[in-house]
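Common to both upcoming complexes is chain A, partnered first by chain B, then by chain C.
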Partner chain A sequence: MEIIEKIKTNKSIDNQTEIQKICLDKLQSSPLPNLRSEQWRLSNKSKLANFLDYSVNENNSKFDIPYPKNSQSTIRLIIGENCQIKLIKKYYSIQQLSKDELQKYIKEQISFFNQNENWSDLLNLSLSCKNNILGLKINGSKIPPIEIFSHGSSNSLNAKTLIVFLEKNCNVELLQVNLSEDNSSLSQSTFFCLEENSSLNHGVVSYGVNKSNLLNSLNVIQQKNSEYNLGSLHFKFNYARFEIRIKQSEGNAKTNIKGMQITKKNEQISTYTKIDFDGPNGFLDQINKSLADDKSHAIFEGSIIVPKIAQKTDASQLSRNLLLSNLAQIDTKPQLEIIADDVKCKHGATISQLNEEELFYMRTRGITLTEASKLQLSSYFQEIISFIPVAKDRWDLLDKLLNEN
Partner chain B sequence: MVNKNLVKDVVKEPYKYGFVTDIETEKIEKGLNEDIIRLISQKKEEPKFLLDFRLKAFKKWQKMKEPDWAALGYKKIDYQDIIYYSAPKQKEKIASLDEVDPKLLETFDKLGIPLTEQKKLTNVAVDAVFDSVSIATTFREELAEHGVIFCSISEAVKNHADLIEKYLGTVVPASDNYFAALNSAVFSDGSFVYIPKGVTCPMDLSSYFRINSGDSGQFERTLIIAEESSSVSYLEGCTAPMFDTNTLHAAVVELIALDDSSIKYSTVQNWYAGDEEGIGGIFNFVTKRGKCLGKRSKISWSQVETGSAITWKYPSCLLLGEESVGEFYSVALTNNLQQADTGTKMIHIGPKTKSTIVSKGISAGNSKNSYRGLVKMGTKATGSRNYSQCDSMLIGDQASANTFPYIKSQQPNSEIEHEASTCRISEEQLFYLQSRGIEFEEAVSMMVSGFCRDVFNQLPMEFAAEADKLLALKLEGSVG
Partner chain C sequence: MQSKMKESHPILEVKNLFASTDNLPILKGVSLTVYPGEIHAIMGRNGCGKSTLSKIIAGHPSYKITNGDIKFLGENINSLEPEERSQSGIFLGFQYPIEIPGVSNLEFLRVSTNARRKFLNKEELDTFDFEELVKEKLEIVKMDQAFLSRSVNQGFSGGEKKRNEILQMALLEPKIAILDETDSGLDIDALRIVASGIKRISNAQTGIILITHYQRLLDEIKPNYVHVMSDGQIIKTGESDLALELEKKGYEWTDNFIKRPK
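Right, the complex of A and B next:
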């Protein structure tokens, strides 16, 4: 209940948008998710409480965008700062969604929400003020890569919302970056709607400093013949939760997901994915990697749902995990729920440590143990990093992962 | 294009064990309370420790809630509408099989269970349980020569109270889960096996469970103890008559394996599954668990689950001893409106422990078949390994197949591998077999049998043949 009080006392009711009111109303009946449910049972309760501990912040302090030099040909947007966007060029246009369009779409989404499953979105939408919602409509071709930043400032709870409509036949590369300062909580909800024949290469890079918290929720609706590729990376969060919900609304769509989470110290990072095939001929190829060191805890739960209508679905899901310390913990649960009979579905999961034989081989060739481990890790990381658009060419993520700490 | 109806017809074989034996039975009144438990205990002339065990379990059960996490849907069970003790009337003590009511012997004869002398040649010792009591145990003298104790658990309570007191409830404590608590409070009979140090049991042991009464539940309890360097293979079979009501079966099986011992536990479960509309059938809620206590001990579960309206069953292994091994091989077939939520738990606690899981699910008709399994590596399980493989086969577009593997590791120096796949009977393969002159039904059953081969290979000879036949029968008319 506290969280609701907090949102309410933070601003006068009159200032709240209609969406905020609807979401608050929904939260009122169950202010916290059911912590015993499958989606939440492994979540660290005290860390979640800590997430909600900060006071809500609606103002956006300035922050330094990383890698500024490389940004010549990219479009850079910061949620909360760029209020008016209207880019109409020869081949493409990027425009802000009108207030009505935004409201209509969000309302429609809320009507599909499941209180427990979409709790992160409900929280986000009840916190997100008008300025912190960015809605875009993109069409055309030859669109330069887009980078969108969300920022969580210190000692506060920040909420940012991104809504993107990709119109027919449009190809976009979009990198979403969530940056958190220390002692901060960031709630990020993203909604993508991919219209027919569109394709999106989506990257999500989220990292914090000490004691940063993140609730990152991603909702994607794919119409037929659309292609959605997601490369994601989450690291350096005291508590982070990445929820991915993808719906192939008419089937005949392609989804590729490559995600990775790295936990150290006392951190907990989890990824939950739910892929719904609501039509025939859907395709999914998903790999999720975790690395857990020190006393940390990495979690992956993925579900693939193939109802009767989704004949000829081809879905595969792989969870690969590296456990590097005696005190760390990994939980993984890839699941399949299938009714259609003419489908190809498979999943796999492995948990192990670095390959000793390979380490030994490298050491016999004069490479030190530290260097050899780094080499192995870099090949483990590279598969995912090379799948993150924009960042793969311009950001030195591998270096950041291997050499920081 | 294969005719879909043809395949459906293949699964429609009527249940041939659905007859009822007309025999006078002694039943107690319906309902569950402390007095009923005292009455059961009194009828079985049990020592005080067992009555206390039952009452304690009952108190715990009253405080517990029926679990609802399984992917199952069934109407609420009224626990007060069940008879908790039902036994065929017979003379007080039976000196030999000749004194057993011939009707009972006839029943087991019809089921193909070798109780009578002329059938004992098969070299399998059988303990036959009818409703709440054990009717007969064969080959007792021969087994006794090797020091093997094989009897009903009621007899064991009387003759080997020390062993029962020492081991009962140590693997599945009364408070373990709702159905285990219920069983601990009201269990009626079951089998007890004790294999002494260094003995390899000279023959396969087998229990046959038969529910005859429509309104009484069956709550059997099995306890198997394998002392150091011993080994045993145990088989379990189950059938029930066709009633249009649902009958509750809540059993508990506990296995204990000490140093260098091995227990192989095989089940062919063919309880009545209900009719095509889902009316009737057994609700099968079973807790089976083995404890590999000793070093290099091994417990292997193999099961063929074809019956029951509802199956809720997770035979598990607690791998405590160094280098102990747990295995789980399962075939679960569901048809019509059957629902099965089954799998295993492999809990690796000791170092260098190994486990293998092979699960094959076949769902046809409107049925629901879920694999739910847990693999856990504890902090001390260094050098441990697990390999899991779960395959599902879907027949028809109304059946569902789910896979829910829970994988948890706290030990970096251990390896877990899991893989799962879903497929269906491929039309090309069917066409190929048919083009070679193989009848449609035979082709289907060959393919199903091939799909389950990894598991059937693990079953004891007789069971393997039976399981193959059973699956073929069950599937008759369902593939298309």
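Right, the complex of A and C next:
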């Protein structure tokens, strides 16, 4: 209940948008998610409470992007800072969604929300003011790679929302970067709608510093013959939760996901995925990796829903985990829910430590234990990092993970 | 038997070595001395402790030395880490070379070569200089440059993996190389390439220990000494004709040499 009070005290009811009012009303009936529900039971309660400790900040403090400068070959947008964009070029256009389009789309989405499953989105939309919602409509081809930043500033709770429509036959590379300062909470909700024959190579890189918190929710609707590829990386958060919900609304679509979360110290990072096949001939290839060190906790829960209509679905979900300390914890649960009878679905999970024989082999070649471990980790990371668009060319993520994390 | 040579000092001395893993004794008093220029072959049944001996000399952390010493160039190395042993000049060629996905063979070779060069107070090589050096060494094992851009041993055939081991040996220029069943899984041509590589790399200053089951490698590389191991001990040592005798009579014949407790 406290969170509702906090949101209300921050803003008078007159200043709330219609969307905010709807979401606040929904939250009012259940201010916190049901912590016994499958989606939330492993979530660290005190860390979740800490997420809500900061007061809501609608203003955006300037921040220095610690990574490559903008380049002429990429389009860089910062949610809350430069939300005005209208690019109409020979082969493509990127335009903002109108207020009505945004409102209509979000309202429609909210009508499908489930209180527990979409609690992060409800929270986000009840907090996100219109300046912090970026809605884009993209069409055409030869579109330069796009980088979109969300930023959580110190001692505050920031909420940012991104909505992107990819129109028919459109092909885009988009990297989303969520950066959090010390003692901050960032709520990020993202909605993608991929129309027929469109393709999105999507990267999500989220990292914080000490005591940063993140609730990152991603909702994707794929129409037929669309292709959605997601490469994601979350690290350095006291508490982070990445929720992925993908719906292949008519089947006949392709989804590839390669995600990784890295936890150290006392951190908890979790990934929840739900992939719905609402038509035949859907394809999914998913790998989620967790690496947990010190006393940290990494969680993966994945579910693949294949109803009767989704015949000939071909889906694979694999969870591969590295446990680097006796005190660290990894929970992983890939799940399949299959009603259709003509499908090819598989799932699996492994939890292991660094391979001792590989380490010994490298050490017999004069490579120190520390360097050998780094080499091994770099090969573990590489599979995911190489799948993150834009970042793989412009950002030295591997170096950051090996030397700073 | 090993008394003919040696004005020079031994490269490797294993003295009355006992070792175990998970409290299970594996080596039960092995002694072996290798002088510069010598080639030793160790033969024996599966499970007799040959590979374990090689791993313990290389410093495998899963094995514990419970008694005895390993001296390399006169220094006791019992407590040295595997990387320190490698940097100082001990090379272990693996029976089953490990695949390391995602780590490029070229970078792996460069890092390990530089670790050895650093120990020898030689200048470390940058990528360009290293590529020059490695091209030269590739010729020894008749490997194509394409191997360098692949992940370490990943997708290599058995023969390619073994050639990659010999390439590493050529780059590291060890004082002593222990080659654990380098001949296993090789066809006749590959065996000749590997054997000729070993011969080209070895010289009067280096020692070689060949662990093998078969005479065919020893036809290519004639050892000075042949040792037969059984149940964690060397039960017989002879010259190269001992291997021929073993080939004829089998290991049962060597059971006669096992010292039975009275």
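Structure notes:
Rule of thumb we're sticking to: the second predicted complex is superposed on the first by the 401 of 405 C-alpha atoms of A that agree within 3 Å, B and C clash if a C-alpha of one lies under 4 Å from a C-alpha of the other, contacts with A are read in each partner's own complex, and residues count from 1 in each chain.
Everything below uses one rule, namely that contacts are C-beta pairs under 8 Å (C-beta built on N, C-alpha and C of every residue); 3 or more make two chains touch, one makes a residue touch a chain.
All of these numbers come straight from a predicted model, not from anything done at the bench.
Considered on the superposed chain A, chain B and chain C are sterically compatible, since they fit side by side.
Looking at the shared chain after the overlay, A:I339 reaches chain B, while chain C stays out of its contact range.
After overlaying the two complexes on the shared chain, residue contacts for A:R365 are found with chain C alone; chain B is out of touch.
Shared-chain residue A:V177: touches no atom of chain B or chain C.
In the superposed model, A:L97 lies in contact with neither chain B nor chain C.
In the superposition on chain A, A:L125 contacts neither chain B nor chain C.
Comparing chain C and chain B on the residues of chain A they touch gives the larger count to B.
Of the two partner chains, chain C is the only one touched by A:S379; chain B is not.
In the superposition on chain A, contact of A:L162 is made with neither chain B nor chain C.
Once both complexes are placed on a shared chain A, the shortest Cα to Cα gap between chain B and chain C comes to 11 Å. By the touch criterion stated above, chain A contacts chain C in their complex at residues 356-358, 360-369, 371-372, 375-376, 378-380, 382-383.
In the complex of the two chains, the chain B residues touching chain A come out as 377, 379, 392, 394-424.
By the touch rule above, chain A contacts chain B in their complex via residues 308, 311, 319, 321, 323-353.
The residues of chain C lying in touch with chain A in their complex are 58-62, 81-83, 85-87, 91-92, 94, 97-98, 100-103, 108, 111-112, 115-116, 119, 151, 168, 172.
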